[in-house]
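One chain, chain A, links the two complexes that follow: it is found with chain B in the first and with chain C in the second.
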Partner chain A sequence: MKTIWKMLFIVSLLSASLATAQGNLDVDTPAISAIKSSMSQRHAQLAPLYASGAVGLKSDGSLAVHDANAVPLAQRGKLNALVAAENNDRTALYREIATANGHPEWAGDIRNTFAQRWIDKAPGGWWVEGSRGWTRK
Partner chain B sequence: MKPVSTWAAMLSLSLAMAGCVTINIYFPAAAAEKAADRIIDEVWQLKPDAATKEGAPSR
Partner chain C sequence: MLDGSAGRIRLDQFAAAGRQWRAVYLDCRRLQLDEGRIQCADARVGGVPELAGARLNLDFSTKSRSGRLTAQFADDARLTATLAAHGALDLKFSHLPVALLARVWPAAAPWHPVGALSGRASFDGRRATVSATLESAGFSDASGSHAAEALAGDVRLSAVRQGDAWRWDMRAAWTAGGVFWDPVFVPSGVSLLAEGQVSGQEVTLFSSRLDAPGVGDITAKGRLDMADRKIIEAEVSVRRADLAVAVPQFVLPVVAPAQTERWQVAGWLDLDVRWLDGELHGVEVGLDQVGFAYLGQRFRVGPLSGHLPWHRDTPAQGHLQVDGLHWQKLDFAPFLLDMSVEQGRIKVDPARLPVLDGAIIIDRLTVAKTEDGWQGAGGFFMEPVSMRALTTALDLPEMVGTLSASIPGLIVTPRRAALDGALVIALFDGYVQATGLEVIEPFGLLPRLRADVVAEHLDMAQLTETFSFGAVSGFIDLALKDLQMAAWKPVRFDASVRSTPGDYRRRISQRAVEHITALGGPSASAAIQRSFLQFFNDFGYGEIGVGCRLASGVCQMEGLEGPGADASPFTIVRGGGIPALNVIGYNRRVNWDELIARVKAAIASDAAPIIK
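Up next, the complex of A and B:
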């Protein structure tokens, strides 16, 4: 009988570690923190652009200029630069989360997960890209 | 009785180990979603402690 209890003990230990492994992804590396703070700072400039429809959330986890006419001509260059910088950060973020967890090949899945959650969490009035093109939430 | 139970314990042990291997191969979708929510809340400065609150408004 003793052997059985030992076995069961080992099994429960393994399941416990299994649950831990499944519970969380490590997202607390210095690289990820740096990207996050850069994105939060940029968000102050992006927020009004989302609201006006100048910028929208794409279905692939990136941003796109949705309606350039929503910003004055003089500011269009800045608009494009903001979108490009944000997309660089987002790509780096997806890649860093995948590598931080020892699976660089997960970057695409992480991108898809984020794409869905950015769109789900977007406040009303923002433009998002779905399977049938752009819609306003 | 005893040999059979030992065999069963061995079987569950090997199943548990197979489970560990599986976790390392397949993408942990639920964990990724949780991580995404945390990061999006931080970047967009949405309800910082919503994760601990039950029944918080979803948007």
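Up next, the complex of A and C:
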């Protein structure tokens, strides 16, 4: 009996990963366009912050303040606001892609896939979070 | 007796700032010991690495227990301590490095303090005074999320012993630099005046006044129990706080960091807070010409003035005069809200909010603190607003009729607004009803709406005239199940439009045929009895029926026959009467954006169909 449950569990895991693999990450809806447009407008402000190490890419698909010292003191509040706004957009993006695929429960898997994409595509010099903590690419 | 040659003074143990050093010694270049007087000139300290490099001069009389110690550090830093025979201690210091603090006090080390301290302090058992100036100071933790730079300021403190108590007064000014204490940045320009008394564990603040940019004048007085870290009684008043400065600087970074740049706030705030018997007893908030706007102009409130009180034991009456409320393109006329405020709850009296030629009536509204934070709940209804006025104000096609609504239950939290019950709008001789209506993050980056909508007996003549769709007589029913919108655009729904059952006149104009044909895609056609058509402007029909299931930007269409294979034609209009026509669609999968663009283009072209 135990073995049957185990097999069923493995089958369900496999089908879940197959289902995720079939998801369309490039799906476009008005909501996704709105989020992408918002993120794209913000990128001009974030780019120098990635390069200076002030902001890094986390392994969960979000951003984090990596080294606030790289930003003048009076601008650090704005740095926080930028990171918080970008993280809001990213969470919404993962959720909307999952919803557009008809599977809201995929949001977590989509977040993980995007996290790897962001980190893989990050140019040299940016700070990224891996299994051993922060490293500079 | 020593006569001035070099010598060493040893101390078995030396304690300061909570630390102990053992085997401390002074290597004096010239050491004199004469009848209880110790003179050690040009000395170096050993055994205290933190003071390596300092040069000391000591002149102390063991008989009178008086003397002087001077210490010379690098960069012109100097400390002189004088102990008088009657026990008075006088300290003078100039350019004393704050970094020295980190060397002798380990807890300060992770903050990397810098700066220079100059001034004077004295203590004679009955009186203590401190006068100090700080220059070029700062600190920072490793991540830089708690840091200060280029700080300058001065402080004057004097205290006099009165019996068992010390009576004190102080004046402090922070004149330059800034502090970032995640997530708030505070610039300089702060000054403080205070006087009070310390007696045992109790601190009494007779009066204090703080001036800072944006926060106006803050005054405070009261008594504090330092042992329990508790306010026994106190009064704090804020006068004329400039919300345009204080809210973006102190409030938004804490409560809505992602949206600090989306909210604009203006106006003035007065605040009085009172503690009695160790508990918060009352709060009075005064608002003057307060306004706030979200995303520029889409949502704007103000000017708004009023008084909001809260008393611990008794309900208090408050009021808000709202002279402006603007949402999208709707302007509300001024209105007054009276309310009663009690423990964890604000109850708004029934009120009338005039808008256009009607009004929204607040039947009941309560804002209460719950386990999940603040939550508003209430019931509303609408005095009829003419659709002509509403559609004009919203830049929509002009509609006739009236809009009236009854919202029996509305729940609002900062994250979500939901209707408990149905929103019913009388429209086009029929009605539209929305149930399960909720808006998530209405003020967020991506507002999301969910609802189930049904409409019955909508007069097609009014509807088609309103949207310049041509002319269709008859009535339709509509069902819009599981409607989901993001950023006010549809993302998902299951829609169905059908002729209302019944006996009524059913005619459709040539233009309407053209526009309905557009719904069916480029390959749709009007299967019409061509030989008669050129003589007629309109035709009879038996039934209209079209459905669209929207998902992933694609509308899966169906006609009167219901769902079918992608390649199978579907009937949108079934003919009836003379002359009759059928409108057939052939493309069941249509891109939603293309469909909308096609219908808009067909209506805009306003051309009569060419019938051959």
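The rule is short, and it goes like this: the second predicted complex is superposed on the first by the 111 of 137 C-alpha atoms of A that agree within 3 Å, B and C clash if a C-alpha of one lies under 4 Å from a C-alpha of the other, contacts with A are read in each partner's own complex, and residues count from 1 in each chain.
Following the convention adopted for this analysis, a contact is a pair of C-beta atoms (placed from the backbone, for glycine too) under 8 Å apart; a residue touches a chain by one contact, two chains touch by 3 or more.
Given the structure is predicted, the values throughout are model-derived calculations rather than measurements.
Contact with neither chain B nor chain C is seen for A:Ser131 once the two complexes are overlaid on the shared chain.
Contacts of A:Val27 after superposition on the shared chain: both chain B and chain C are touched.
Applying the stated contact rule after C-alpha superposition, one finds that A:Pro123 touches chain B and leaves chain C untouched. By the touch criterion defined above, A:Ser40 reaches chain B but does not reach chain C.
When the two structures are aligned on the shared chain, A:Thr99 is found in touch with chain C, with no touch to chain B. Of the residues of chain A, those at positions 24, 27 touch chain B in one of the two structures and chain C in the other. Touching chain A in their complex are the following residues of chain B: 2, 5-6, 9-10, 12-13, 16-17, 19-20, 23-24, 27-46, 59. Only residues 24, 27-31, 34-35, 38, 65, 67-71, 73-74, 76-78, 80-81, 84-85, 87-89, 92, 96, 99-102 of chain A touch chain C when the two sit together in their complex. Residue ranges on chain A touching chain B, taken from their complex, read 1, 3-4, 7-8, 10-11, 14-15, 17-18, 21-25, 27, 32, 36, 39-40, 43, 93, 97, 103, 106, 109-110, 113-114, 117-118, 121, 123-124.
Residues 140, 143-145, 147-149, 178-180, 182-185, 187, 253, 257-261, 444-446, 448, 484, 486-487, 489-492, 551-553 of chain C are the ones that touch chain A when the two sit in their complex.
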